[in-house]
């Protein structure tokens, strides 16, 4: 591949970690994830900022996506500087020092059978 | 972040509020939402227009997304100038005076277990 | 709105009309739809072409999306020049003489509870 | 159509083949697919690379999408140079010698009723 694929700035306007779950853990715990792909030969240093409807943003949450690796990060597991409350509307930006590709996924198992959503995030120059 | 992320004009071609629901309210009421993220330092003044298959468009519906905040607006709750009928095909445009990011989500709980969809909306210059 | 939003050429790489359904008709019949929004002041004359894995493309299927209207067209209901077989992989292009926005949706009710997918289609200049 | 629609480089940051299924095979086996549309008059020679979280990438997996055809390739069925393990996070790039359109789909039937996701993949110049 001639150059790394992707952009350095991404946004996900939808964010919501369901408050309850059905089914075996950890696969079917209700969760929301940011999937990142780094095709470059350098580690990607990523900063995630969480935006809320009624308070100032939280973050940055700092992550590394190693060179030529993917990282599927559950928002549920972000704890530093603070966890994201469940049952609360949020949104996020993802900024990287090398181009990456970002996709958003949620598994909602609040009812007896799970529901899934995904979308490529919004990319910016 | 050096500049606000997003665009000022967005469109969602799919719109449909299911006519019935299963599960506890308000979380599992069938609904459709427009999720907006404003990363800028200025409030975003947003105008939503609703397009139908068989009549003239309705709106604008005026909303504010405060600076550095997200707003997940259920279409079900738009009432001024008029509510959106359920069980009816529609589409929407979202126009803002500052760049925002827009994502479309629906929760359909017409059957015993809910179904979910999402996509980043179509952005335009 | 200063100019109509959208593009004139779109593509959907995924297409599949499930072969069976559960639930009341017509709402919960398994179906796949192309949702089109025309914000312009002129009628959009649209031509859909269906691509298969093992035979030549079919079409064009000719539709009109009136000025300032949306049309949510079920692929199931396209019959001229020929219906799309169920349980068969296909893909589609959507070409219009004025800019439109295109979104793809499927409702799959093969099992007891329905599943839904959506995505904004791929837009091209 | 004046020129083929699409791009030559695509990426999907989310990838996960569920480890189990419910429902009749092959339709309702849990699977993940890359749907490719080639509207051009030349065969598309496609190379897929699979990225993991904890090991070097695998591939290329070589496929042909014939001229004016679509190919919905299940990741489950890729075997050369090696199969993709189930229950494992991965991501993918799709590179073609002619422009194509790529869409990502997963059917998850781990619980009694299936869940579906789709998104147009990320396109790059």
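Labels for the chains are A, B, C and D, by order of writing; each one numbers its residues from 1.
Keep in mind that, in the parts below, a contact is a pair of C-beta atoms (placed from the backbone, for glycine too) under 8 Å apart; a residue touches a chain by one contact, two chains touch by 3 or more.
This is a predicted model, so every value here is computed, not measured.
Visitor: Over half of the interface residue numbers used by both chain B and chain C, so same, or under half, so different?
Guide: Different-residue interface.
Visitor: What rotation angle superposes the Cα atoms of chain A onto chain D, in degrees to the nearest 5?
Guide: Going from chain A to chain D via C-alpha fit gives 90 degrees.
Visitor: I'd like the Å distance between the centres of chain C and chain D, where a centre is the mean of that chain's Cα atoms.
Guide: One centre to the other, that is 21 Å.
Visitor: In angstrom, rounded to a whole number, how far apart do the mean CA points of chain B and chain D lie?
Guide: 30
Visitor: Would you give the residues of chain A that are in contact with at least 2 other chains, written as numbers and ranges?
Guide: In chain A, 112-113, 115-120 touch at least two other chains.
Visitor: Touching residues of chain C toward chain D in the complex: what are they?
Guide: Per the touch definition, chain C meets chain D at residues 9, 11-16, 18-19, 49, 51-54, 56-57, 87, 89-91, 93, 95, 104, 106, 108, 110-113, 115-122, 124.
Visitor: Using the touch definition up top, name the residues of chain A that touch chain D in the complex.
Guide: These residues of chain A touch chain D: 1, 5-6, 23, 27-28, 33, 35-37, 39, 68-72, 100-103, 105, 107, 109, 112-120, 123.
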